[in-house]
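So, here's a batch of structures to check.
Paired with chain B in one complex and with chain C in the other, chain A is shared by the two complexes that follow.
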Partner chain A sequence: MKLKAREVEGIIVLEVKGQMIGGPEAAVLPETIKAEIDKGKKRFVLDLGEVDRMNSTGLGNLIGSLTTIKNAGGELKLANVAEKIQSLLLITKLVTIFESHDTVDKAVRSF
Partner chain B sequence: MDKSKSTGESPALGTSTAARSSDDWAQRKILNELSGLLTEVQQELKRVRPRTVEKEKLFSFEKQIDRLSHLLEHIEEVHRSRLEIQLITQIASKLANVLDLEVMLNLILDSLKQVVDYDAAGIFVMNQSGQLVVGEVIRGYEGFDRGQVRQKLGKGLMGWVMETMAPVVVPDVSRDPRYVMARPQTRSEVAVPLFTDGKVIGCLNLESDRPAAFTERDAEHLKTFASHAAVAVQRARMHKEILEKQRIDEELALARRMQLSLLPNRSPQLENFAIAGINVPSEEVGGDYYDYIRLTEKDLGIVVSDVAGKGIPAAFIMASLRASLRIEAGSRYAISTILSRVNDFLWEFIEPERFVTAFYGVLDGRARLLTYANAGHNPPILLRQSGRLEYLTEGGLLLGAFPSALYHEYRVAFKPGDLLVLYTDGLSEAENEAGEQFGPERIIQATKETAPKGHRAVISGLLKAVRTHTGRPTLQDDITLMVIRCL
Partner chain C sequence: MPLKKVGELVIPSSLDHLSEVDHFAERMVKKLALPKEILDDVAISATEAVNNAILHGNKGNAGKKVTIRFYLCAQYLRLVVRDEGSGFAPESVPDPRQQQNLLKTSGRGLLIMRYLMDRVSFQRRRNGMSIIMDKFCPECHTVQSGGG
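Up next, the complex of A and B:
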């Protein structure tokens, strides 16, 4: 899993690449989010367009990210959710929790 | 020349070679005395102001004394080398069975003192982050304990030695800009690197209160001792890793036993239904859970659940889930309320990144009715006698991740011949070499093929099919299956 963070109009866009299946490198997501929150950032978009695989640990990372951001009084929106991940969100009913947009642009503009 | 002057300590090493060591010690004492005597004569000679005639005589006398002195130095060096071989042989024999690193390194410093005398010594090893060298064993640093004498990498003489991977001899520390003071009495110092597999892992360092106490030759002796210290460090590390692995294996075995002891050991009896379940463990301990909860004579609670994650934490959450679900189920609340309460209970104590998916239902045997709520779990597949397929998806959010979640319950009426397959993602997400998941389609296919032979045949058929799909005898994740057939 690789993570790139950029800022668009004060919103932190986190672009995840590869597999969200846990492991030591998965720690970069919560660490980055925490660092941005410490800098005072509150609005986040998680771009999942390049995520080719996600298991329950990856789903846990997603939930953890949302919890961290919400606890800091912020918001997290998903963008570019691939079909496979969408079906995971459907099964677990997380679709009712995560706000999801087709593109990063739309997600950024929805704040 | 009096650099190896004995401190008067008798040799501490090896009882079997005690006699030889005490001989060596006596020889060394004699050598030291001789050496002291020669030094005195040399100094005495320098004070003599001879008349011209005797000058030549005196000069040749001085030369003889010098030769004698060189000879003595040579004997001393031969003696030191012989002693070193003896000590190193003893150290090497102990390396094989002394696993306590502190004991081993202290032995090395004791032995070293007999070959190269020092006032302070330390064997330093790089810490895990690779930023610091920390004293594993030290002596002569007053007011410091081992572990307290440390240096940042790249700083001081030790830092220099570790960076350049070469020994350093400093005759006067006060004139060396690299020197960082650890003890004020120190006048000279020698340090050599510790290597394993061609990499520097630490440093052996000696300090003396006398100036120019160490020579390049001393550094050579140090290298031999340092190489054995490095082997001791590496062996201790490997031993620690083995112990750590053993500990983890034992913990996992415990978690596995705990998990298995909480699973049902027989199939339940319920009128108009035939029910069977199985949990097939993978190598790692997963958090799968299934259960039958007897509510009344005609009502049976059924649950299939999966805790995200593996190992002890998953087994612990699984045990808590079971306890809480069994208590709530016994309270006869509505299923939606039961799941809400279990959700809040789990949310209270599990970490934010963990969650549980669960399917909970109550089978009314007499009425052939299932009332259920699906909390984010893989939808059980209902294969009707007619061949029609239904998925039991409704209910609510997965458990334990968010507080105050709401659940809704649904009812399904069964007819004889209907078959319900409940499973965990260990089955649906089992991958073949191409990374393709077993998936619901293959579950349905295998179920349809085996259903006419009964509910147990469906279980064995599904397990066979998933193994054929993955091409491996072992599983990547636990598989839990429950098959319910309406009679």
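Up next, the complex of A and C:
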């Protein structure tokens, strides 16, 4: 899993690439979010368009991110959620706790 | 047609090896020329089961191994993940879809394996536990008979 962070109109867009399946590299997401919160950032978009595969550890990573951001008084929105990942969000009922948008632009404009 | 073993990977009980498991599953499905839809379902289920075997079966003991085997017959692809631990009771895993469990960061592996694969069963032995998962596919017949 690779992660790239950029700022768009004060919103941190996190582009995830590869597999969200756990392992040592999974720590990069919570570490990056924590570093941005420490810099005073509170609004995040997680771009999942380049995520090939996600398992329950990856879903756990999303929930951990949401909780960290909410506890800091912020918001997290998902963008570009592929059909397979959307189906996992549906069967786990996590679709009820995440706000998703078709594109990063739409997610950014929704704040 | 009987089940034929088509691949095996043995790893130590460490989450550092999850990418290796994903790559192994991808290699196996591609080698058998099965469709992309099957690849995702099988690869995700493989890492789920191995994660489960490492954390709950072998309790993170790096001295214990996890064995991943693929079998093929004319009707389905079978994935077997075996640990060397004392096992766990699948029926005791709380339903992660309950409101009080929604924000928990773990506990969804079994639900996802049961959703992605067509048949999931457990076999407890004296020296470990196996998760056995079958994915039915029309293409298996062609591959199994040597046409794939």
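Note that in this section the second predicted complex is superposed on the first by the 111 of 111 C-alpha atoms of A that agree within 3 Å, B and C clash if a C-alpha of one lies under 4 Å from a C-alpha of the other, contacts with A are read in each partner's own complex, and residues count from 1 in each chain.
The criterion applied here is as follows: a residue touches a chain if its C-beta (ideal position, glycine included) is under 8 Å from a C-beta of that chain, and two chains touch if they have at least 3 such contacts.
Just so you know, these numbers come straight off a predicted model, no measurement behind them.
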{"item": "Room on chain A for both chain B and chain C (clash or fit)", "value": "clash"}
{"item": "Touching partner for A:Gly64 - first (chain B), second (chain C), both, neither", "value": "both"}
{"item": "Residue contacts with chain A in the superposition, chain B compared against chain C", "value": "C"}
{"item": "First, second, both or neither for A:Met54, with chain B first and chain C second", "value": "second"}
{"item": "Contacts of A:Gly23 with chain B and chain C, given as first, second, both or neither", "value": "second"}
{"item": "Partner chain in contact with A:Thr103 - chain B first, chain C second, else both or neither", "value": "neither"}
{"item": "When the two complexes are fitted on chain A, the stretch of chain B hitting chain C, from 225-233, 351-359 or 387-395", "value": "351-359"}
{"item": "Overlapping contact positions on chain A, where the chain C interface meets the chain B interface", "value": "53, 55-57, 59-61, 63-64, 67, 91-94, 96-97"}
{"item": "Of chain B, residues touching chain A in the complex", "value": "306, 308-309, 351-355, 357, 375-379, 393, 395-398, 401-402, 425, 429, 435"}
{"item": "Parts of chain A lying in touch with chain B, wherever the complex brings them together", "value": "53, 55-57, 59-61, 63-64, 67-68, 91-94, 96-97"}
{"item": "Of chain A, residues touching chain C in the complex", "value": "19, 21-24, 53-57, 59-61, 63-64, 66-67, 84, 87-88, 91-94, 96-97"}
{"item": "In the complex with chain A, residue positions of chain C that touch it", "value": "15-19, 22, 40, 43-44, 47-48, 51, 96-97, 102-109, 111-112, 115"}
